[in-house]
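First the structure, then my questions, so here it is.
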Amino acid sequence: SSETLSGANQGSGDQGGQVVVGSADFTENKVLAEIYAAALRNAGVNVTVKPGIGARDVVIRALQDKSLTVVPEYTGNLLNYFDKTNTTTTSDEVYAALKSKVPSGLAVLDQAQAEDKDVLVVTKQTADSGVTSMTELGPRCQEFVFGGAGEWPQRWADKIKELYGCTFKEIRTTDAGGPITVDALRNGDVQVVNLFTTSSDIKANNFVELADPKNMYPAQHIVPLLRADGVSDAGKAALNKVSAALTTDKLAELVSKVDVNKETPTDVAAAFVKDNNI
Amino acid sequence: MDSILRYLGNAGTQREILDRLVEHVYLSLLPVVLAVLLAVPLGWCTHRFRWLRAGLFGVANVVYTIPSLALFVLIPAVIGTQILSPVNVVAALTIYTTALLVRPVADALDAVPAHVVAAATAMGYRPLHRLLTVELPLAVPVLGAGVRVGSVSNISLVSVGALIGTGGLGVLFTDGFSRRYPAPILVGVVLTLLLALVVDRLLVLVQRRLTRWARAGEVTGG
Amino acid sequence: MIFADMFAWLADPANWTGPAGVPARVGQHLLYCLIAVAAASAIGVPLGLWVGHTGRGGLLLVGTSNSIRALPTLGLVTLLYLVAGGGTGPVLVGLVVLAIPPILAGTYAGVQDVDRGVVDAARGMGMTGWQRLWQVELPNATPLLMSGIRSAMLQVVATASVAAYVGLGGLGRPLLDGLRVLDYGQFVAGAVLIALLAVLLDAVLAVFQRVVVPHGLRVVARAAKRPASANRSSQPERTGDAGESGASGDTGAAGTTGESAAELAIMASRRETGGSER
Amino acid sequence: MIEFRAVTKRFDDGTVAVNQLDLTVEAGIITVFVGPSGCGKTTSLRMINRMVEPTSGTILVDGQDVRAADPPRLRRGIGYVIQQAGLFPHRTVLDNVATVPLLSGWSRGRARHRAAELLELVGLPAELGRRYPAQLSGGQQQRVGVARALAADPPVLLMDEPFSAVDPVVREGLQDELLRLQDELDKTIVFVTHDIDEAVRIGEKVAVFREGGVLAQYAAPAELLARPADDFVAGFVGRDRGYRSLSFVDSGEVALDQVSTVAIGQPAGAPTAEWVLVLDEQRHPRGWLPPRSTVEGAVTEAGLTPGGSLYQAGTPLRGALDAALSSPSGLGVVVDERGGYAGVVTARQVLDLIERARPTATGAERGH
Amino acid sequence: MIEFRAVTKRFDDGTVAVNQLDLTVEAGIITVFVGPSGCGKTTSLRMINRMVEPTSGTILVDGQDVRAADPPRLRRGIGYVIQQAGLFPHRTVLDNVATVPLLSGWSRGRARHRAAELLELVGLPAELGRRYPAQLSGGQQQRVGVARALAADPPVLLMDEPFSAVDPVVREGLQDELLRLQDELDKTIVFVTHDIDEAVRIGEKVAVFREGGVLAQYAAPAELLARPADDFVAGFVGRDRGYRSLSFVDSGEVALDQVSTVAIGQPAGAPTAEWVLVLDEQRHPRGWLPPRSTVEGAVTEAGLTPGGSLYQAGTPLRGALDAALSSPSGLGVVVDERGGYAGVVTARQVLDLIERARPTATGAERGH
C-alpha cells in the first residue's frame, strides 16, 4: 500500500496533488467526466473538474500541456485523431490499434462496453420515403441537405462517397449533435444529420437512425484517456471499475437524466457511482 | 420560474455558480487593473508626443476590431501559455481594455487645464512628479469613466471565453444552450448584469472618493 | 507560422466558392451587421435626440443603456434562441442590444454638446422646438452621433460571430469551425477577415461622416486643433512643435474611438443639466 | 416701447431674480441694464421675448401683453444678440444672417440678398458671407450676431452683454459701430452689460440693478454720474465719475486762444519765452518746442517734446480737460474735424465752461 | 535684479516673440511689462524661470545666468502667478499654498503652518484653507495664487496678468492688496498686463512692448504718461492720459476751505445761499443740502442730494480733481484717513496745485 501511496503522489505530479478531469462541451462527456471524478475521489485522489472545454483537438492539446490529467474519450474517434490513415472499425481492432497509437506520455485504460457512435439520422417522414439505411441513402443523397459539425465534411465526406456513393446536395454546418442540428432537422432546413447514439433527441423526436452496414463509423467505446504519469494506480483501478459498469443503455439513461430531466451531471454521476459501488 | 428555482435549488449547482462567479470576477477585473497600468504610460505618450496620436489610436482601433474569441485562442499560440490557462483570457481582455483606455487617458490628460500644468511647472515640479501628483489626479473624472466602460464591457466579454471553457458565468450559457435549458442562461445573464452593476457602483464610489474636490465646486455652484 | 496557415487557407480556392465560401460568409456577416446597426440607429438616434433635446431623463436613460452594455451577447442570443426556437431573430436582437448604447450615448452627447449659446440663440430668434431640433441640434450633433454609430459598428462586426454559435453563417463560421479542430489557418483567416471587414466598414462610415457632418463643424474642429497661443505656451519647454504635425493626420482615427470621449463626457457628467427653462 | 409692470421672477429653486420691476423702456433709443453679476439683468431681458416667463406681473411690448403672443412668433419680431454671438457653427455666415427671414417664410434668394445687405450694414466685407463662424475673429462674429438679429428688421433689439467677450480695443470699435447703426435705424434697443463704462457710453437711458433683482436707479447717464440715487449706485459708477461725467458736458462755444506755431522743415526763428507748437504740412500738431529752445536750421520731428492728447472742437469737455492736463505746455491743443490745428485751451478755461454748464441745483431737482 | 541681454526668442514656427530685448529689472520694486496682445510679454516673463528657453542672448537673475541652474530648482526660487491662478483643483487651499515648501523638502507640518501664515498675509480667513479652489470666488482664488507663489519666500515674483480674470471692482482691491504686500515684502516683482491703467497704477517702472517683441519705452509711469516716447506709446497709453497722470502728482500741502456742515438728526437751521454738507456721527460726509433748501425738523438721510467722490488728503491730485468735478456743489469733499470730513477744495484750487507741480520743461529734459 505504501507503493500505491507513492504512486498517487507521483501521479499528482505537476498538478500539485491535483488530478484535473476535463470534458468536451456536450452533456454525455460532462457526465462521464463527473463520474470519473467521483470515482477518483472515492479512491482517495484529489480531483478538480474542468468541464465543457470544447473540441478534441483542444482537449488533447490541454492534456499534452498538462492543463488536464484525464478525459473521457471515444475509441474510434480518438484512434482516428492519432492515426488518420487507420481503417479498422470493429470494437476490438479499434481498441487494440488505439493502444498502440496513443502518443507517449498519454495512455488509455480499459474501454467500456458502453458505446456512443456517430449515427446518421433522418425524420420519420424521410425514413418512410424509403431511407432507412445508409445504403438506401447513398443514391438519394443528391436530394438531401446534410447538417453536422464543422469538421464533419473533412472527416467523412470522402468516406461516405466511397462506401455508399453518397454526395449530399449541400453540407451545412450546424453543431456537434446539439440543439442546432436537431432543430435544423426538425425544421426541415436539413434532411440528414449526424447525431450520437445516446442522444435523447432521437427518441424524443421520433427520428430514425440509419443503419451503417459497411461500418463507416468506427466503434466508439467510452475509454479514459489520461496522462500516463498523472493518476495513481488506485485511481486507474477506479476508472477501470467505471468502464466495467458502463453499458450503452445506462449511458443513454444518464444523458437523458441531464438533458431531459435537467438534473446536474454531478448528481447523476454521484448516483451512478453509488449505485455501482465504485 | 419553477425551473429556475429548481435549478438553483441544487447544492452542486449553487457551488458551481459561485465558482463561476468568482472566476468571472477575476477574469474581468484583473485585466482592468492591468490595462490601467498599461494605458496610463501609453496615454501619456500620446498626450506628450502628439505625432504618436494617429498611430497609437489607429492600433487601438484595429485591436478593438479583432473578435475576442480570436484573441483568446491566439494568445497561447503567441505567448506560449497553456491552452486552457486563464492567463489567455486575462491577457486578451487586458489588450482590449488597454485599447479602450488609451484614448480616454490621453483625452483626460489633454483636458487638464493648461494653466494648472503651467503653474506646476513654474513651481518647480519635475515632469514625472507632476504627472503623478497633479495631472493624473485631475484626470480621474474622465479616466474613471473610461475604467467604468472598460470594466462593464469586460464583464460582458468574459463570457465568450466559455467557447473555450474559460468563460466564468459564460459557461452557464453554453451549458444551458446544449441542454435546451433556459434556466442556467437566465441565471448567468442576470448574474452578469448584477455583477456589472455592483462593480460599477463600487467604481463610482472609488471615483467619488478620489474626486471630492471636483464636487466641492458644485455646492457653491462654481 | 500561423499566418502561413492562414494564407494557405485563404489561397485554397475551395474556401472561396459555394455557400460556405468566403464571399458568402462575408455577405452574411455584412448583412447581420448592417441590419443590426440600422435597427439600433433607428431606435437610438431618435431616442438620443429626444432626451438630448428635452434634457429630461437623459442621464438616467444613458445610464441605463450603459448598464445594458453588461448584457453578455452570447447569453442573450442563446436565451432568445431557446425561447424563439431558432432563426436569425435572436442574433439580430442580440446585436441590436449591443449597438444601442454607443449610438444612444453618442447622439445624446452630441445634442447636449451643442453650445448653449447656439441653442439659446436659436430659441431667441423664434425657432420652434422642432425647428431647433432639425436645423440646429441635429446638424451640430452629427460628429458625435457618427462616432457613436461607428463605434457600434465596430463592436457589432466583432461580435456578430456569435451567429455561428447558433448555427447561422457569417465569418464566425470559420472562426468556430477552425476552433473545433484547432485549424489555426482557418481560425485566423476568420479573425482577420472580421477585422478587415470592421476596418473597411469604418472607413465607409468615415466617408459617410464627411458627407453628413456640416462643413462648418469641420472648420471648427480644425480651428480647435490649431493650438492657440494660450495652449501653446502651456507647453513651452516642448522642443519641436508637435502640435501642427499631430493635427494633420488623425482626422480619420479621431472619430472611431471618439465615442469613448463622447460617452465619457456623459458618464463623467460634468455638464450641469437644468439651466434655463425650455 | 416696452413696459414692465410689477414684474417678478422667482425660479424653481427659490431664487428671486427680478423683484417687482416697474420700468418703461422708451421706443427708438438704447436703454442699458447694468448691475453686478447675478442681479437679474439677463432674466429681465429674457422675459421680454418670453425666453423666461415671469412669475407675476405683466410685460407689454408696444402696448401688447407678450403673453398673448405665440413665443416663436413673438421672438421672430424681436432681435436677440448674446455674448458669444451664438452663431450656428454649421452654417455659413450668410446663412446665419438669413435664418430669421427664412423662418418667417421668405424665399431663399430674398433672404440671402437681405443677409448680404446686412453684412454690409454692419461693416463686414461680402466675401465673409461664405465663411463659417469659426473662421471669423471674435469681433467679426459679434458683428454677424448683430446682423443676424437685425435681419427681419425687428423694431426691438435685445442685446445681452454682446461685446463682453472681445478685447477692449475691438470692443470700443463695436460700440461705436452700434451707435452709428442706431443713428440710422432708430430701433428700440435693450442692452445688458455689467460694465458701467459701456453703459454710460452707449445708453441714452441706464437702468442700474442691484442684487436681488431690484431697480436701483433709472436715469440718463449724465444724471447717473452726477447724482447717483444712493451709495450702491455711487459705488457702482465708481471713482472718476466726476471726470467721466464730463463726457456729457457739451462744450458749447469755446473761445480759443492761439499760440505761435512753426511748420516742420521751417526754421524755428528766435527763441521766445513761450511754448511753440510744431505742425506738419496738413497742420496736424506734431509736438512742442519748449520756451527758450534753440533749434539749428529747420525744425525736425526728432527733437520735439511730445504733445498731449488732442481735443476735437465741439466734442464733450472731458477731452478738452484731458488735452490741457496732458499737454507739456499746459495748453490743450484743439483740432478741427480733419485733425488740423484750431487753437489751444487752458484747464482753467475748461473749468469755466464746466462751471457754466453745471445746473444750479435746487431742492426741486433732487434725485428720485 | 534681472537682466535681459540681447534676448531673442524665435519659436519653431518662425514667430519672433521677443526681439533683441535689453532690459534691467531693478531689485525690490514692481516692474510692469505692458503691451498689446501677442507682443511677447508672457514669453519674456517665462524666459526668466526657463519655462521658455531663449533662442539667443542671456538672462541673469542676481548676476547668475539662468542657464546654469537646474530648471525645477530655479523655479522653486521664483514665485509665479498666472491669470487663472492655476490652483490645483484637487488640493485644499492650504495644501495648494504649501506646495512649494513641500517640494523643497519641508515637513508637512511646517509647510502647512507657513501656508496658514500666508493666507493671513494675503488677507484670507483661516477657515478658507480647508476649502477647495472651486469653492472660492475669483478674487479669493487670485489671492491664494499670490500666497502660493510667496510660500517659499522667493526673492523674485513673476505675475502674468494675475488679475485680468476678475471683475473691475475686485481687481482694484487686489491691486491695492499687492501694493500693500509689496510695501511689506520688497520683492522683485515682474508683472505682466495688457491694461495700461493697471500698469501705471501698480508699476514703479513700466516696460511698454510693441508687436514683434520690441521694447518701445521703459520708464516710470508718470514719465510714460507725460512723455510717451513715440506715437505707438502715446496711442497705447490712450486718451485720458492727462487726467490719469494726475495719479502721480502729489498734493503737497493743500490749504483746505471749510463749508457749513450739519449732522444728521440735527435741525438744519435757517436756509442760506450756500451748500451745506451733511455729516453723520463719525463725521463721514453723507450728502448735501442745496442752497436755500428748507428742512422741516431734523435732517435725515432721505432727502439729501448725493455727494460726489471723496478725496483723501495726502493722496494724488487725481482724486482731488474728481471730487471737485463730481460734487453737486462744485466743492470737492476732502476726508482724513478715517474718512471723516476735513474740508473742501474747488477744481480751481486743484488746478493751481497741478500747475505748481508741473516741471518747467526745458530742452534738457526731453525724451527718456
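For clarity, chains are labelled A, B, C, D and E in written order, and residue numbers in each chain start from 1.
Here is the rule we use: a residue touches a chain if its C-beta (ideal position, glycine included) is under 8 Å from a C-beta of that chain, and two chains touch if they have at least 3 such contacts.
By chain, UniProt protein names: B, C = Osmoprotectant transport system permease protein; D, E = ABC-type quaternary amine transporter.
Note that the coordinates shown come from a computational prediction; the quantities given were computed from them, not determined experimentally.
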Need the graph distance between chain B and chain C over the touch network, please.
1
Farthest-lying chain, centroid of Cα atoms versus that of chain E
A
Just the chain pair, please, that has the highest number of C-beta contacts.
B-C
Using the average of all C-alpha atoms in each chain as its centre, how far is it in Å between chain A and chain C?
43
Averaging C-alpha coordinates per chain, one finds the centres of chain A and chain D separated by a number of Å equal to 93
Between the Cα centroids of chain C and chain E the separation in whole angstrom comes to 55
On chain D, where are the residues touching two or more other chains?
none
Which positions in chain B touch two or more other chains at once?
115, 118, 121, 162-164, 174, 177, 180-181
At which residue positions does chain C touch at least two other chains?
81-82, 166, 176, 179, 233, 237
Inside the complex, what are the residues of chain C that reach chain B?
2, 66-67, 69-76, 78-79, 81-83, 154-155, 157-159, 161-162, 165-166, 172, 175-176, 179, 184, 187-188, 190-191, 194-195, 198-199, 202, 230-231, 233-235, 237, 242-243, 245-247, 249-250, 252-254, 256-257, 260-261, 263-264, 267-268, 270, 272
Which chain D residues qualify as touching chain E in the complex?
37, 167-169, 194-195, 225-230, 234, 238-243, 245-246, 290-294, 303, 305-306, 308-309, 318-319, 321-330, 332, 347-348, 351, 354-355, 358, 361-363, 365-367
Mind listing the chain B positions that touch chain A in their complex?
3, 6-7, 10, 12-13, 16, 82-85, 162-165, 171, 174-175, 177-181, 183
Chain B residues touching chain C in their complex are 49-51, 53-54, 57-58, 60-62, 64-70, 73-74, 77, 100, 103-104, 107, 114-115, 117-118, 121, 141-142, 144-146, 148-149, 152-153, 155-160, 162-164, 169-170, 172-174, 176-177, 180-182, 185-186, 188-189, 192-193, 195-197, 200, 218
Under the touch definition given earlier, write down the residues of chain C that touch chain D in their complex.
115, 117-118, 120-128, 131, 136, 139-140, 214-217, 219-220, 222-223, 276-277
